[in-house]
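Structures incoming, each one as structure tokens.
Next come two complexes built around chain A: one with chain B, the other with chain C.
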Partner chain A sequence: MDNHQAENQTPGNHLTRRDFVKIGATAAAIGAAAMALKPTVGAPAASALSEQVTRPEETLVKTTCALCPSGCGLDVRVVNGRAVKVEGNPLHPLNQGVCCLRAQASLEILYSPERLAHPRIQMGRRGSGDWKEVSWDEALALVVQKLSDLRKNGQAHTLALVHGETRGQMRSLIHRFMQAYGSPNVIGRESLADQVARQAMFLTQGINGLPVYDLNNASYVMCFGGNLLETNRNVIVHLGAVAFMRRGRPQRGKLVSVHPRLNLTGIKADEWVPVRPGTYGALALGMANVIINSKLYDEKFVRDFTFGFEDFTDVNGNLHQGFKNLVLEQYTLERVSKITGAPTETIARLAGEFATNRPAVAIMPNEIAELNSGNSLYTAMAIHALNALVGSIDVQGGVLVQRFPDLEQWPDYTPDDAAVQGLSQPRIDGAGSAQYPLAISIYQNLPDALLSGEPYPLNALMLLNTNPVLDLPQNGRMVAALEKVPFIVSIASTLDATAALADVVLPSATFLEVWGDDFMEGVGYAGVSLRRPVVELVQDNRNPADILLQVAAQLGGSLEQALPWSDYQTLFRQRLSATPLDWEKVESNGFWAEMVYFYAQPGSPAWANIVGRDRLNAPKDGRFDFYSRELAAILSNDTMNDLDCLPHFVLPEALEEVVHEAQEYPFLLISQSLITQTQSWQGTIPTLQECLGLQGNVKWRSWVEINPKAAEALGLHDGDVVWVESHIDRIQATVRVYPGIWPNVVFMPLGMGRHTMTKWGRNAPEQMIVGSNPNRLVDIRSEPLSGQAIIGPARVKIYKA
Partner chain B sequence: MRRHRMFIIVSVLLLAATLALAFHPQTAEALPEYSAQTGEPCATCHLSPSGGGPRGPRGQAWVGSGKPGVVPDLVEALSLLGIQLDVDESQYQAPDQPAPEAQPLAVEPAQAGQIHQWLRNYDGN
Partner chain C sequence: MPRWGMVIDLDKCFACQSCTAACRMENNTPIAGPDQAILGRAILWNEVLPFLEGEYPLVHATMIPRPCMHCDNPPCTAVCPVRATYKNEEGIVVVDYQRCIGCRMCTVACPYAIRYFNWFPPEWPQALKQHLNPDPEVAPRPKGVVEKCTFCIQRLHRAREKAAAEGRTFQATDYMPACVQTCTGHARYFGDLDDPNSLVSKLSHSPRAFRLLEELGTEPKVYYLKQG
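Take a look at the complex of A and B:
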């Protein structure tokens, strides 16, 4: 190699500059040839094929999901009349193109081989499976005959309609149907989950609705229980907002999850604060103690726009205790630490961070089994009181009030004698009674009401998208209770555990086959999403709303007057005409929304819609009630004291140290829904079931999470099969040793124990029951005042099977 | 031998890079390009100032109208999305005067049934 050659060499290798240029030129030539060829590659073949193959007819249909309460916009790709793919609607304000795994898997519901093809009538004993398929005319005639007979006999009130999640105007349609029919017994499932959050908003802020949390703009977000990023009512909105809060803006916010278990939200949070189950209220009050003691609260807001912070005298000169002194006297750091198990320094630090990193929000959970420990009402009030303390009401990053589209009034009708007589009777579930004045429904009281026949026996039960046998096993009492009802009709898409015990099943179309409306929630501004058929009906099924309208028309009388529409699409479009909607745009976008939320300054005219708007017995003075004046009116009797009107903490019964019970059943069982599970009446989706327990590789069974120390004490290891037993029943589960759980707490997933929609599952035999239902271990009772279900924690013991 | 091996390695790498560029999907979204195309900062369309993620009304309307050269202003965007806003912003602003004193508590007993009827009729789903 001469000097010239050496000069042209790249140091460290033997490749010359000339070589490099040659290689580059060759590669560029090949690349250019490839680019030149690119438009024509495959063209001759495609052209030849196109002559032989007819291009499929392909459309993208915008609709709205109904598999959870979020109500996300969907784009469904339909090829030759068959839905083949579901994605998120990129224009939709809630999910902005995001689509969770439930919606992705929803085609398995649409095309499930287990869907009921036609209406059917039970020919033999209930539950015998001796069904006869009949026409819609025949099935509806039978239902109408039974319901008509009750009205003629003055027994309209002995019909109950029990329903699951409703969307858009469906809930008010159900209520109107039953009002016109003449029965007070409309019973929804809200007492299992979000009813108490609504009540807390009403009693403190004077708004009869669920709070909206403006997480996009919050600096500090503290979740007291729940699973904000997996199963909250507005999970998709929250997922996007939390991602934005932490990574999409210059100033990063902080997310804190308080829960006995490190759930998905805890895993994604900046900090997980483990506490004993059912003690969120105490923690909130302990934080309030620090905030008040340190004078970190929003003094101007508290002074001018709240009521009952300081001690006060009433019009009769009686002295009442206010929130401030209650908290300072009773919720010291040491006491709260002892109740919750959280260290005093942690509580103090959280309080300081919450009060000094505004806007901050404290979130009340609205998921099933989260605020269900028997102290839910005052716990929810205590959590929401933190928002008022730091002035986070209707500010950017605070708690907003959801607005809704304007609706036309329902047309007037005159209730007939049967309706008037029926509506004068009390409800069978006790909601609205002196014992449960705040409850809208008390779902869990259904079995006892049916079994006792008090206040009167039911003659007919109509079930709409609900599965009480799964929700409320009550040691077999729910099944026994159904035996007491002479006539049961179920509107369901599969033969779930409750529909199997009905006399008549009217098959319900899935959300992908029907017209419907869906109010946007979780963003603050008003909006409505459109649900529409993406394909022709797969089976001989009908929209549940249309079924109610058809029954009303055939019953005649006040029902026909009250519900004069032939179908639900006509109904919701007519009522939404009070909002200036361009239906062409609604159909092309899949929704209508105002898109802009206006924050009302405290004291502004619009503030009247933010605080106090829905009060019935308390002043609409724009003041947030630390001391609930509405509760004072409801409880106005000789035994009422100030504590009844103030947020406070009551220790859940299961946490009381009843020595013999604690020894026999040493663990506290908690349960939560997971995103892989649909609602109780919707069955198991095979693909989701495959994703169920990925961390522990438990998919088609239930698992129980146990703290490593407890597992060691019991000699249990991952994969062991155990019995989990309470004083009423026992179920099997596979052990998952999990350090992310409070030492004497065990966890099992909700929504297991179903047998429907399993035929497509891998190795799933027909009538296979998937996992174990943890509700079988709980004697579900009702909390006074709120009627909220007391689900847990339940005391259990665990031993090898 | 070593030189030959290096020649092959560099040839393969360069060829792979060129082919990758040649066959790079044309549908890939280079978001800063949108900013250059419209002359707007990312935050015009996105909630995040740095772009990406959820879009605001202007961004939604821009995407919905086929990504034209100009991003519609807020009023036009809402109109494109089928929204007519009729809001008096002064209603949302507090008057410059002290808040009135709270009235003393005067309890009127409530009727439980009446509360139930009232709460049952909440707005929303």
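Take a look at the complex of A and C:
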């Protein structure tokens, strides 16, 4: 056996079986052979033998996960300076000692062979792969030079910062950085996922933030789309809560999953209700129709604490339609049944169950590609209206409002001329403009904005742990758009598809190597979890937050004033000093939390924090808006009608029956992400790839789920390799014939199609692309008002490859 | 001597596969890679298996997480020609990797298909070897031997050593396998089936309790509680 081969294998396993037997026979007392003997399991000799070996130094380090938006507390077993196992932190209120498979596999991220060791600069043409590794000083000097020049030339606004999921105060830090720099262009990924749920919450309940569902105490839980038990933002809280709802208390609750596909939530729910994709809003309104018609709604709550249920006359004497009459006139059972495809009896039964098994909650999905059918804003409002209809606002088992710890004010600073001038410019993604007044940021508008150079061309782009080339292929437009930007810097852990096209890559440390904070979400009460390095830096990487602080310090001017901290740890500790935290305790427990949620009595002073708190234009009168007065104020123009302010249903374009399209592309493609994927890491996680597709037992590749009837009609069988083609592009996938899917719908998992330069396994190629990216089939556009991405359903056809 | 057993409540199991990943990280099962995985050779001691019945829209899917059943009457040990696999005094079925000759008789005999054969030496990219569990019992198995779930026997050894070091009697509750510890729905229970007061013993007598392929007389020590 040559040296090279030996190097690539763990001690002990490079032995062939024959060697192994030979050594095993003679080696009992020899120190080196202890390794070879170790595999003896269960033999009495094993424990005796291990005592001869010096006990390694072993600790359990508490930190906080960052692989999904939950932020669970983790206990990491560290032996001799190496992290070897992850467990849930038993004290942590979110996950209570358990953790999901992503956290389990997170060590494959920490020690990933795909991680970048040093900062690097592109020497040749972009994408040529002609990289030069440089020191941090050199890389940062180059970035600071470029950014500083822009500011000097009065072009600060031509820098955009595009970021992925952020935790704790990272988002505020990014915004403050860009404000002090002088650019309005901070673009996050939320328009692909949860932005619209926040908007619906704001427009109806007047709260800026995602709703919290108290499933521990709910009797009836209805998920309109989404994947509550697999990829929801607070999945671990929901898993624990649904288990408790079933077996932890005397009265068992019921969980209903509405989705065109039988996903894990549907499988594990008490009932699966298949509907046509993108028609959740119609179903919610149909249920409202039955509830109102049968007078099953909470009459007292609706009368005293809501607005716009009945028709009303405004101050100018104009008559407006209310929610009740709209629903009674427009959303009859027959019509809703025709739209959704669910039988009338089912809709009526669900409505009855929902209204009579209180506390009941209707859940708006916040996962990627779930409320993304072009009618998402009013769909989300319709779903949330059901909660108000049955009086589930801020009651046990209802919808709660998340509290956050008090934070110290950011210190004042004087924006310099460059900052003032830059901030007066419009955003390039159009968020907040007349077309998208509700949007905070619109990720999917990025390629078109860059290509058109409207409202102005960008001179620099900073990417922070995000990969728009994978998220928004846009028929090649994203790659072409990057060509238009003279300077691109990517803060990334691996050389993902976008980082590969950058000029400078600053390698980002993983969450297991950095200090950080994390707000507890999904439980209602305030809390903060501590993230800390469990091992020393594995690579010459830095915390992305520290990189921003270092760049700010070097840029000087208002940036230095606005961000005077040397590192992120000092920053978040100082900001959190407004909350009386015992840091010693936070460090030993891994978190701090209030642990008690105080419900507000409707109409009490505390109620002001539950309904109407964050309203800007509508009155803060403690009334839940069926008729959104906030939206009426935003839209106030001559063309606005009542329907614009009320939850209603618009048929997604793809569902309209255009005959020639339906013939050419007969299937509707939906995509979902899976529990075996994370949005926060752009590399390959081998263990998760080997658990990838549970229902169809698929590993390491993409599959397309198709109904048995459709498969029979097309002559397709399980395991066939097919092309899935839309009018834009085609991708390959393996057929999985799956009875749990709407007959003309096909499903493909999101997040596939990543490039890897590592040889995974014995006969694997040196580099490959894992699976195919379904977003390549969709021209992702933006919904008016909300700016939410329109991702699906997309029309496709399928044929054998 | 305790008789170790497990109960899995399918009503609280959400098929999240956290057990599958926890098992891999705890027991150092190797990365199969795409080409071996497609041949069904990914070694996952604790896989979740899907069973689909019915036709759209009345589809009933059952997800069964499947560790080794640690049968009281194990068919695998009876066929081993070299007595490499055996049931130890606490009821855990283990493999002596030094004795195993790789004939795979046990793999065929096991009705639950929980035994995996190492067709090749285990492989990881160099960097990933850093996270391997250093416990001697789970050192990567060589090519040519059969491996399987051991109820994380290394944890039993550590728990006994810890109790001894702290000068107290070892309790059944000191020990739990990695899959039980990480179960997100708190669906798994573990303990001494012979102790009538233990939770597992009580749950194993629940009217919801059943075992897989009970009719074969293998007497599995993994019980399931049925859904709903």
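Assume the second predicted complex is superposed on the first by the 733 of 801 C-alpha atoms of A that agree within 3 Å, B and C clash if a C-alpha of one lies under 4 Å from a C-alpha of the other, contacts with A are read in each partner's own complex, and residues count from 1 in each chain.
As a convention for this text, a residue touches a chain if its C-beta (ideal position, glycine included) is under 8 Å from a C-beta of that chain, and two chains touch if they have at least 3 such contacts.
Small disclaimer: the values here were computed from a predicted structure and weren't measured.
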When the two structures are overlaid on chain A, which partner does A:112 contact: first (chain B), second (chain C), both, or neither?
second
Go through the superposed model and pick first if A:198 touches only chain B, second if only chain C, both, or neither.
first
With the two structures laid over each other on chain A, which partner does A:84 touch: chain B (first), chain C (second), both, or neither?
second
Which partner chains sit in contact with A:99 here, chain B, chain C, both or neither? Use first/second/both/neither.
second
Is A:243 in contact with chain B, with chain C, with both, or with neither (first, second, both, neither)?
both
Chain B versus chain C as contact partner of A:695, first or second or both or neither
second
Note: overlapping chain A surface for chain B and chain C spans 13-15, 20, 24, 34-35, 38, 240, 243
Using the touch definition from the top, list the residues of chain A that touch chain C in their complex.
7-10, 12-17, 20-21, 24, 34-35, 37-43, 46-47, 49-50, 53, 56, 79-80, 82-88, 95, 97-102, 104-105, 107-108, 110-113, 115, 229-230, 236, 239-240, 242-243, 246-247, 262, 264, 267-268, 270, 272, 274, 538, 675-676, 686-691, 694-697, 699-701, 707-709, 738-743, 758-764, 768, 770
In the complex, chain C residues that touch chain A:
9, 11-18, 20-22, 24-26, 31-38, 42, 44, 48, 50, 52, 54-57, 59, 61, 63, 88, 92, 94-98, 102, 120-134, 136-145, 150, 153-154, 157, 160-161, 178, 181-187, 228
Taking the complex as given, what residues does chain B use to touch chain A?
2-3, 6-7, 10-11, 14-15, 17-19, 21-23, 47-50, 52-57, 60, 63-64, 74, 77-78, 81-85, 87, 89, 91-95, 98-100, 102-110, 112-125
List the residues on chain A that touch chain B in their complex, please.
13-15, 19-20, 23-24, 26-28, 30-31, 34-35, 38, 69, 71, 90-91, 93, 96, 165-168, 171-172, 175, 198-199, 202, 208-210, 216, 240, 243-244, 248-250, 304-305, 307, 312-315, 320, 402, 404, 431-434, 437-440, 518-519, 521, 580-582, 585-586, 589, 592-596, 598-607, 614, 616-617, 619, 621-623, 627, 629-630, 632-634, 636-637
